Amino acid sequence: MRFYILLSLNALTVASLYFLVASGFSLIFGLLRTVNMAHGAFYLLGAYVGYDIASYTGSWLLGLVGAAVAVALVGLAMHLTLLRTLGGDELRQALVTIGFAIVVGDLLLAHYGGITYQFTPPEILYGTTPMPVIRGYPTIRLVVIGSALLVGLGLWLLIHRTKVGMLIRAGVDDRDILSAMGFNVQRVLLLVFALGAGLAGLAGVIGGSALSISPGEDARFLLSSLVVVIIGGMGSLAGAALGALLIGFAEQFGLAFIPNYATLLTFLLMVAVLAVRPQGLLGRG
Amino acid sequence: MESTNALVVSGLEVRRGALPVLHGVELRLDGPSLAILGRNGAGKTTLCSALIGLLPAGRGSIRFNGVELAGRKPHDIAGQGVSIVPQGRRVFPSLTVDEHLRLMQGRRPGPWTVERVYAVFPRLAERRRNFGNQLSGGEQQMLAIGRALLTNPRLLILDEPSEGLAPKIVDHLLEVLGGLHRDGTSVLIVEQNLRVGTSAAERVAIMSGGQIALVTSSRELWEDEGLQQRYLGVSAH
Amino acid sequence: MTTMPQQLLRHPVLWLALAGLAFPLVASEFWVGTVAARVLIIGTMALSLTFLTSSAGLVSFAQAGVAGVAGYTLALLSPNITGVGVAVPWPLAVGAALGMGTLAGLLVGWVSVRSSGIYLLMITLAMSVSLFYLVSQNTEVFNGFDGINGLKPPELLGIDLRAPIPFYGMALAAAVLSAAAVLHLDRTPFGLQLHALRNAPRRVAALGFSTTLLRIAAFGIAGLIASVGGVLNTWFSGQMSPGAVDVHAAVNLLVVAVLGGIRHPLGAFLGAAAFVLLENYAASVIDRERFNLVIGAVFIVIVLFAKDGLIGLIQQLRAQIKPAWTGVCAKNGRKTV
Amino acid sequence: MKTTLHTVLGAAGLAALLSGTALSPAFAQDIRIGALATLEGPFAQSGLDGMRGVELAVDAFQGQVAGKRIVLVKESSNAKPDVAVAKTRKLIEQDKVDIVVGPLSGGEGIAVKEYAKSVPSKTFVNGTSGAQDTTLRDPAPNFYRFTLDGAQWQAGLGSYAYETKGYRNIAVVSEDYSFPYSQVMGFQAEYCSRGGKISQKNWVPVGTKDFTSVIAKLPDKVDAVYVLLGGADAVNFLTQYYQSGGTAPLIGSSVTVDQTVLSSKGAFKNKVLGMIAAGPVADSNDDPKWVEFVKAYKAKFPDGLESPSLFAHGYYVSTLAVLQALDQVGGKLDDGQKAFQAALAKTELTDRSPTGAIRLDENRQAIADNFVTEVAQRPDGAFFSKVVKVAKGVDQALGMDRAKFLALGTASRDNPSCN
């Protein structure tokens, strides 16, 4: 019993982390139709920048906020310089983000080297929270789950309860008509891109605290984001949540029972979904 | 306030991709309304897209009340008081009726408010919580018109508004459009349906092969079967 | 395009073959056996991608994986020092490798048949990564992370294909044959249908062709070409391991194709040459460690400013120097994708 | 299509230009040594430290041997076997080196050994790659390894865990590939033969970052957990283990608590004090030759690691052996390197080795000392590994009869079993 509760909590933790990264990815895709292959690089960049800020100021929270802001700015710059010039050419946009990811990944390796970094979050986050049956669970992992819930709720409110959210939804539906109605769609796109990138940066700090930061994490989280949104449905927030949950559970239960094929399992899950519903479980047809 | 707007299009050439569609369109609207009639493929929808900036004008000019619109971005053109009810309505599937209207409210000052739209289209008020993709064709058309009116336009462009609608609804729409000039809004209506086009406006421009072939009064066109046959391939009688 | 004389269309490959044959006369053994051979191998693998894109408008991340399927098949059916698989006579092993690679290509086409554009890119990437996890986590058949070692090219008619020059000759022959096949295919009814598939899929369907079968067939052919590259690559490196099918391998192949010009089949070889040269000599540009920085930056510049890659640049340059001269590539009708 | 021709000819011209150094005759008094290590990717730090080892060895001979200048050509791989072979070929064919020192990682070593067979007149000396089969099975006559293999690197640990620490029942958490397999083999050779039990083995895929589900599966009643993970994975495991409330003591492989892990930033470190492990080097070793080596390392590379890693050490002793054998044959290589290779096979490093005597067996594989260590903390707070036991003269069969050892077969998940 204890074992299964632990496994489920672990699956939730991983799913939360995947959701944090994939939600921004999905958001960007939903409105801009851009597959941002640099999303993993944004995650890693956020983790390192957050680490620097946190160790310089001594505040983990500042690191978290700083990383989100810094990566949002980098996202802004990337959108303005690289993506916008390509107009609506989705394929070339995807390609240019691959190039950007390669460059950022290499610069990070050059600057931070191959060693592993780990945050020292406030002592209170780093201990164990007592819980019934399973005795206790690492607090930082509960923080991961909590942040995902907060971010998910925040995004939901933003999209469904605010004017900006209406704009985003309308932009996803029909960009041309929205601009013909007098809205500067480019500004909305930019905002969403920055928001999505910032979420990746935020996830970098949270992921870097729960796990660790090292080269290669960029590709890992890009892939997980891809799988999550392919399963859940591109551009759908609920889809990202569902996809993240499925992958989280498949991965952790797989790791416990068939460790050798755990990762393969998640990818096969994806191929199966694709064969039946190419647009993803909650994607629009 | 009577409508005193002037739209002057001259020498307009527009391409769709590599394909030239408009070959020097000359058009003038001053007064409350103008209908553009033409067969399928005459370039009517392309003209609409160019007027609101969704397709770039290759050559020529589009002046609205003395302001050059060619080369401007769609949102900028909208800011000049030009709004559109697009072909196929194109309401936002993931916004509710109410959200459509609230989103538009207060963009430009003018007489239109959400409440007034609801008053004009009581059906919309009943369905205010429904999403765009849950509406019937007629309801979608009311919403698209309401959405456009909330920008308080000085020029309202309607692209095939009668398409697929029951005659009763069309009549209701025509009635609403007929009253717009009292708020200072001119109407440019693009139609395939001769009856709708001629009832909506006093003057008619006939489009053919990417050009304006003829401008005449609605009454004249309605009565001249030869004209109808020649340009529209239809006959009203 | 159909009015092109057959002769001219063959020319690019003819030139490729002649230049390839002349190369050993002017270059050292290292340049022939290691650098040029590698260019031809990577070029052949990338050719499978440029074929898909230039003819059918499909973009795939799975070509490195498909080549890997062929590589693993070959490795498992050849004598190796890892002690896995069953050794069979090498022609049989090669045949099986090409067959399995083609099958893998067909499978990729079948699974992704309802996706296009960026969706296709993501789905093929995901399939490619699935293969990576399969081979890196299965120890019984694929020997996991360590892969299969000690593979050697065979002897053919008393020629040891391991030696640099013969190996290069074999790679050249394979590359030229593959390139010629792709260019030839372009003019067959099948090739024309593929073009139509790219430009107006609905029309193809209306004409009564099955777009599904056409697409799957295109992926199958691409799979065969990638397999040729995969077999050569396995012999070249003497081993087969998950590294050959990881996400970096997939990205690199796409980089090569885009670098050379993904809208023309032969762009693959130009891209491969640029890639291998950069890889070897990034050191002289900046720090040796920063190869990825250089390749990434070059890649961005190409995507932003040279839609048709190096091959497009060369055509532009040619056109400026001698406006009357029009390259075969330009005439090939591939200017519009 | 002129374009293609021009391009290829252009490339050819460039080829001739770039290979200019190779085409011009090398100076007769030069001996060219190629050093191959991973200077790219996540292992770049390790490769860099390996290169430091090479330079220190060349310095120890003042850059020359038997009156001939040593010319060092560095080349980088990325831990992938095919790239390692390509770069080795470049060193041999283009840079015209006489001797290659490298590569760094296991899979690369086997691939380079296979390549070595095709160029018998050149000599290959392993860097730090530790796969058993590089020298144990089907060895190349011109491939030498002066470092221990993965199994040998655990020598002394099993008996120390059983006898000194009193562990009787342990669980294993390990990455799933050949290097850890052979390390477990080396550990079991002592631990299991004394009667120790392994109640659970968890093989996790390479690259796993979240181990908490594996940790949850660990049996409650074990005396210790034997962890075979490296780099970021080790850091993740250690953190998650203590966060999950794990209390059993840990045993490390030769990469679990090396300097790359101990110098990583993170809160896990307070918990690893006292963790035992084994490997070819220890940060703190009283042997004066080690102290001298560390001093030379720190003097030449002020921004190097806290203490030379096993990579610096491996490349150092390998290069030393090359230079010592060259010295012995007076730098003579023009006989297809026959005399040099014969001398190299007999080379014994004694005075010069910082870690005790090193000699080769009949497969040209090192027989050398191995160190059991415990993690300790310096007064300044830095973590280091201190020697608690030395396993002397470890051979590749781990003290078993060679035929019997070979009969065990290649190490795998379940081979050999522990009973």
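A few points about this structure:
A, B, C and D label the chains in the order they appear, each numbered from 1.
Just so we're on the same page, a contact is a pair of C-beta atoms (placed from the backbone, for glycine too) under 8 Å apart; a residue touches a chain by one contact, two chains touch by 3 or more.
Owing to the predicted nature of the structure, the values given are computational and were not obtained by experimental measurement.
With steps allowed only between chains in touch, the distance from subunit B over to subunit C comes to 2. Set against the Cα centre of subunit D, the chain with the most distant centre is B. Of the two interfaces, A-B and C-D, the higher number of touching C-beta pairs belongs to C-D.
With each centre defined as the average position of its C-alpha atoms, the distance from subunit B to subunit D rounds to 76 Å.
One finds 43 Å separating the Cα centroids of subunit A and subunit B. Averaged Cα coordinates give subunit A a centre that lies 37 Å from the centre of subunit D.
Counting partners per residue, subunit C has 133, 137, 139, 289, 292 as the residues that reach two or more other chains.
Each of the following residues of subunit A touches two or more other chains: 260, 262-263. Shown are all chain pairs that touch, namely A-B, A-C, A-D, C-D.
Contacts from subunit D toward subunit C in the complex involve residues 1-5, 7-9, 11-16, 18-19, 22-23, 39-40, 44, 76, 80-82, 85-86, 89-90, 93-94, 106-107, 110-111, 114-115, 118, 131, 133, 137-138, 176-178, 205-206, 410, 412-413. For subunit D in complex with subunit A, the touching residues are 41-46, 176, 202-205, 207-210, 212-214, 216-217, 231-232, 235-236, 239-240, 243-245, 260-261, 263-268. Interface residues of subunit A facing subunit C in the complex, by the touch rule stated above, are 33, 35, 82, 85-86, 90-92, 94-96, 98-103, 105-107, 110, 219, 223, 226-227, 230, 234, 260-264, 267-268, 270-271, 274-275, 278. Of all the residues in subunit C, the ones that touch subunit D in their complex are 11-12, 14-16, 18-20, 22-23, 26-31, 33-35, 38, 81, 83, 133, 136-137, 139, 144-147, 149-150, 162, 164, 233, 236-239, 241, 243-244, 266, 270, 273, 277, 280-281, 288-289, 291-292, 311, 314-315, 318, 327-329. Residues 59, 111-112, 114-115, 117-119, 121-123, 125-127, 129-130, 133-134, 137-139, 247-248, 251, 254-255, 258, 289-290, 292-293, 295-297, 299-300, 303-304, 307 of subunit C are the ones that touch subunit A when the two sit in their complex.
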